[in-house]
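First the structure, in the form of structure tokens, and then the observations on it.
As written, the chains take the letters A, B, C and D, and residue 1 is the first residue of each chain.
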Amino acid sequence: MPQPDLTGHWGEFGGRFVPEALIAALEELDIAHRKALEDPEFQAELAALGRDYGNLPSPMYRADRLSEAAGVEIWLKREDLNHTGAHKIRNVLGQALLTKRMGKTRVIAETGAGQHGVAAATAATYMGLECTVYMGEEDTRRQALNVARMRLLGAEVVPVTTGSRTLKDAMNEALREWVASVDHTHYLIGSVGGPHPFPMVVRDYCRGIGDEARAQLLDKTGRLPDAVAACVGGGSNAMGAFTAFLDDDVKLYGFEAGGDGYETGRHAATITAGEIGVLHGARTYVLQDEDGQTIESHSISAGLDYPGVGPEHAHLAATGRAAYEPVTDAEAMAALEKLARTEGIICAIESAHALAGALRLAEDKTLEPGSLVLVNLSGRGDKDMGTVVDYFGFDKGNDQ
Amino acid sequence: MRTAEAFAKTRAEGRAALVGYLPAGFPTLADSIKAIDIMIENGADIIEVGLPYSDPVMDGPAIQKAADRALHAGFRTSQVFEVVEAVSGRVPILIMTYWNLVERYGTGRFAADFAAAGGAGLITPDLIPDEADEWLAASDAHDLDRVFLVAPSSTDERIASTVAACRGFVYAQSVMGVTGARSATSTAAPKLVERTRAHTDLPIGVGLGVRDGDQAAEVASYGDAVIVGSAIVGCYLETDDVPSGHQRLAELTTELAGGVRR
Amino acid sequence: MPQPDLTGHWGEFGGRFVPEALIAALEELDIAHRKALEDPEFQAELAALGRDYGNLPSPMYRADRLSEAAGVEIWLKREDLNHTGAHKIRNVLGQALLTKRMGKTRVIAETGAGQHGVAAATAATYMGLECTVYMGEEDTRRQALNVARMRLLGAEVVPVTTGSRTLKDAMNEALREWVASVDHTHYLIGSVGGPHPFPMVVRDYCRGIGDEARAQLLDKTGRLPDAVAACVGGGSNAMGAFTAFLDDDVKLYGFEAGGDGYETGRHAATITAGEIGVLHGARTYVLQDEDGQTIESHSISAGLDYPGVGPEHAHLAATGRAAYEPVTDAEAMAALEKLARTEGIICAIESAHALAGALRLAEDKTLEPGSLVLVNLSGRGDKDMGTVVDYFGFDKGNDQ
Amino acid sequence: MRTAEAFAKTRAEGRAALVGYLPAGFPTLADSIKAIDIMIENGADIIEVGLPYSDPVMDGPAIQKAADRALHAGFRTSQVFEVVEAVSGRVPILIMTYWNLVERYGTGRFAADFAAAGGAGLITPDLIPDEADEWLAASDAHDLDRVFLVAPSSTDERIASTVAACRGFVYAQSVMGVTGARSATSTAAPKLVERTRAHTDLPIGVGLGVRDGDQAAEVASYGDAVIVGSAIVGCYLETDDVPSGHQRLAELTTELAGGVRR
């Protein structure tokens, strides 16, 4: 497993840019996590949890109709079939189990659209942990159903009224709150961002995506994929998909949210358009202005709408090991529709970015015809149907 | 003025220093200069100029709001040097800043411009010495103080290594919480100061949501500097009338200055 | 496998009460289905489809926290984790494959809340079949997101403007339409109702629920359950759960929608409160007035809101092999909340009826303490969050 | 009057019979009686009284709407016998009914009350002979006709067994579709009639969305009875003015009666 250095750096990225008050907790977490990784009992408990509760491993599915149209062989890693509907269950089960191991009784989490909040609330409930979720006030309004889900699961949802009142502010608030409660509270972060060891911890719990996929593909096709495609918000599902293939001769593609188009400035293509900086505790690519103030990101996909990105991705991009490209809202929605119409699968808009990217690689022949492409379908689309209705105008009369 | 000079003076007077904090550009650029003047005139020994940042994870609601307002009004990093230049000379002027703004400006360039403006040093709430190689070099090159934080959760080992990297003073974040968080009688704060003293002779500043003279006096009984931020910012948050804010700030500073002299 | 007689009767129930014009198609279906059942190739194809696409078998999950509170050992059959989020995928994959086998190119379906419509549209898309879904106009408004889902999947959705404009009218309309298109169209019915052989066909495709559960329980506990609990709308998930246990010493419980309470008349407790009659092609229990006019049913759960019930259930009730009891809206919603707060699972409101019933059996000691109860968690709750928000008032301010 | 008598007469006249359909209770109970009178007066040879049902799966929009209206106005099954009694005597009166209503009333009781009211027999669109044991017995006991349906999709075997169970006439559902569905020139209809004739001497009625005299004449060229429903119901659906509906119905019936006599 590729590790950061001991202080959490991948090359120039990563590290710990947080108040000293949190360092002890980060150290504790780092040690607890490394020990847990090597503890067969912990690993067995986590595996059982994933299997019996999370519905893992997720199936590996050859999308024949889609493949035929695309001219490449597309395999979908069906994370949409996991409990709570996305790869996120992997991360929250791992961190929640680790929380108990550390003897803490409460978790806090930040959430944008609410997906990570719901996952965190789920894992917390399951483990008997208290749970508080910070969510931008703007987002609590836009995503009222996810707020209801979290409350139904027994979590407290705190609307964040500072800054732009969206995900990045929720994350600020979670960090602030963590400083005050760090002795009994774990910050159950939602992606591979934040200060060391979070990017490593989250990756380690998400890497089952790629580990499973690698074994499944070898089993079903006798070979490795030519390319792996995943969407990149914070980057947890992509790191989860990439990690198993880092040492293989497999191309890795991360697709960022291109929003209205890279050139319009309204996007969340952090690696493509951002510059190196420090945000939320790590050095990485950041959408920022000339002064280093964070710029608000834009994407039709709430889960990708974040102006930062996990530092390991920054490193993979800087070293050329993985390629990162923007996919526009329009491209993603077209791919979402295509998948629905060919395979009968309605995926999350986040995941549609990965698929759209893969289809583009096939179309422009970046991938040779017949290539085997693994696309990580990170989540299901139930949460996105309101957006789909608006986007396609399905509410305008009865005709299609 | 160097930070050490201010502490030499307050030590000579057998009292703690009063450190006043205000974000540059708040309530306006000109009024932030005016406000700092008021603090200096009314007994502040050291000034912390905040550099407004979009994502201030160490700050509570009051300072967040002040920074937000400055940014909305168009505040730019380079303007902080105008403020520093305008107020420097009488007391040490430090900048309190989140790291991305410095790195983005260019660490060396920032140090140079800041030193040229007459600044004394930086307080860096989200930069720990482990990540500070560039800043250590730049601050040495430009002879600037560097104030890192210690916290109740810091191990003795970390306190030792942190204070070793400090110059000017050490910032004891004595409550586990953001700025403005208050704990009426903190046992954590004196304890942290005591633990820190075991590793350094540098003065130790304490921030603890101090709002009045009594609290300042209490903190002054074990700390070398009493750092006041949210209460100062509050003078301008509760009113739109800037002159009356100035008036309140003058009164508050006077009271706090009395507190550290009790 | 318990079969109806050759003309589709279980005792006095079932049969074919449809226009002569449909008899030929029903005969054809009957023969095709029986042959397919015995065709190892068909069975293998269906099994592969279920496994790779449907995410079957669904996990069998011991709900420890819930069990502890209830004093019985509760095992949940996690149909909520299936592709499209309910047991319904089993039925639609089976019937769609059968449609292709019969050489037909189009399916029609009725739907109430839209769950079966979405499942049918999914299977049709997957198999390359045309799909038209009939849905009461009232329901198309209430369930706009499911209408969007069906359209996204490429199905035509026809709002039905006759009668009460709800599920039963959609079913009437589907039957009408089928008469006119029967030569190239299969009626992909949504539950174990309708004229013979539909109740048998749908049961045979859903019985994997119980077959899997039986094997999983034997494997995990070495024994059979003491009782099986399922909710009953049309009855497909319940027949699917019951069938494997019919010959065992296992108590079977079907929980009907008790709505506002059996005594208020506002419910969908067809077996409990209905009388024998003919509806939608079969003799069964029907909610009907003195004259035999169908009475509108009421339930907070759209999927149980149907005034009829599959004839095999009527038979199991009449012969005493299974017990059917009503569960009120309030009981179901309390169980839904309890499951969310103890196990971190948000189930469909339909499925919450099954759980509520099982909890009641435990509470009133109908089931001895320590009994092993299999509860079929027929679907996930994503579709129900709007109802949940209204019911629990989660939209009223930020406090819980 | 028995159905056979009507057909004996029309056969003697060398023409097809005109069968008019209207749901009891539509547009109102009294007006449904009046409308049936109008049909009889203007040349209908046989009357089909519809028994409104909440879930009429064989009916198209026009008849659905009419039945709905009757039910909303409070129509009860027992009232169908009032209608039958009021109009019987001159031509055979059959009831067209979905099976649940009969079963619910009690099959034997229904047959008895219907016979007592002077009814001739039942047309049962959702009852096939295979499911009709009770009805076969009751209709025998009360000497009622029973009209089952044959369809283009019926096998010869099924046609044979169905017509064997029929009495009075056979209903050829000659379009694969609900009532009111129209097919300008149906090849299916004559073919179905021909196939059915191979198995029975009973008269064969044909329903095919007939709306005017020409269509009636066409159907009359191969069928023994031309069954008209939706067009008749339509007289009252397009207007709220019942007397004008009666007027239209009189004109329509006259035209249709002319058609079967061409």
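We adopt the following convention: contacts are C-beta pairs under 8 Å (C-beta built on N, C-alpha and C of every residue); 3 or more make two chains touch, one makes a residue touch a chain.
All values derive from a computational prediction rather than experimental measurement.
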item: Most widely separated chain from subunit A, with each centre as the mean of CA atoms; value: D
item: Between subunit B and subunit D, centroid-to-centroid distance (C-alpha), Å; value: 96
item: Chain centre separation in whole Å, for subunit C relative to subunit B (CA means); value: 66
item: Inter-chain centre distance, subunit A versus subunit D - centres from mean C-alpha coordinates, in Å; value: 66
item: Inter-centroid spacing, subunit B versus subunit A (mean Cα positions, whole Å); value: 37
item: Residues of subunit D engaged with two or more neighbouring chains; value: none
item: Overlap residues in subunit A, where contacts from two or more other chains coincide; value: none
item: Contact graph of the chains (line, ring, star, complete, other); value: line
item: Pairs of chains found to touch, sorted by chain label; value: A-B, A-C, C-D
item: In the complex with subunit B, residue positions of subunit A that touch it; value: 7, 15-25, 162-163, 168-169, 172, 175-176, 179-183, 277-281, 286, 288, 290-294
item: Touch list for subunit B against partner subunit A, complex; value: 53-61, 64-65, 68, 71, 76-77, 98-101, 103-105, 125-128, 130-131, 148-155, 158, 162, 173, 175-178, 181
item: Interfacial residue positions of subunit C with respect to subunit A in the complex; value: 51-53, 55, 59, 61-62, 65, 78, 81-83, 85, 121-126, 128, 140, 144-145, 147-149, 151-154, 156-159, 336-337, 340-346, 382-383, 385-386, 388-389, 392, 394-395, 398, 400
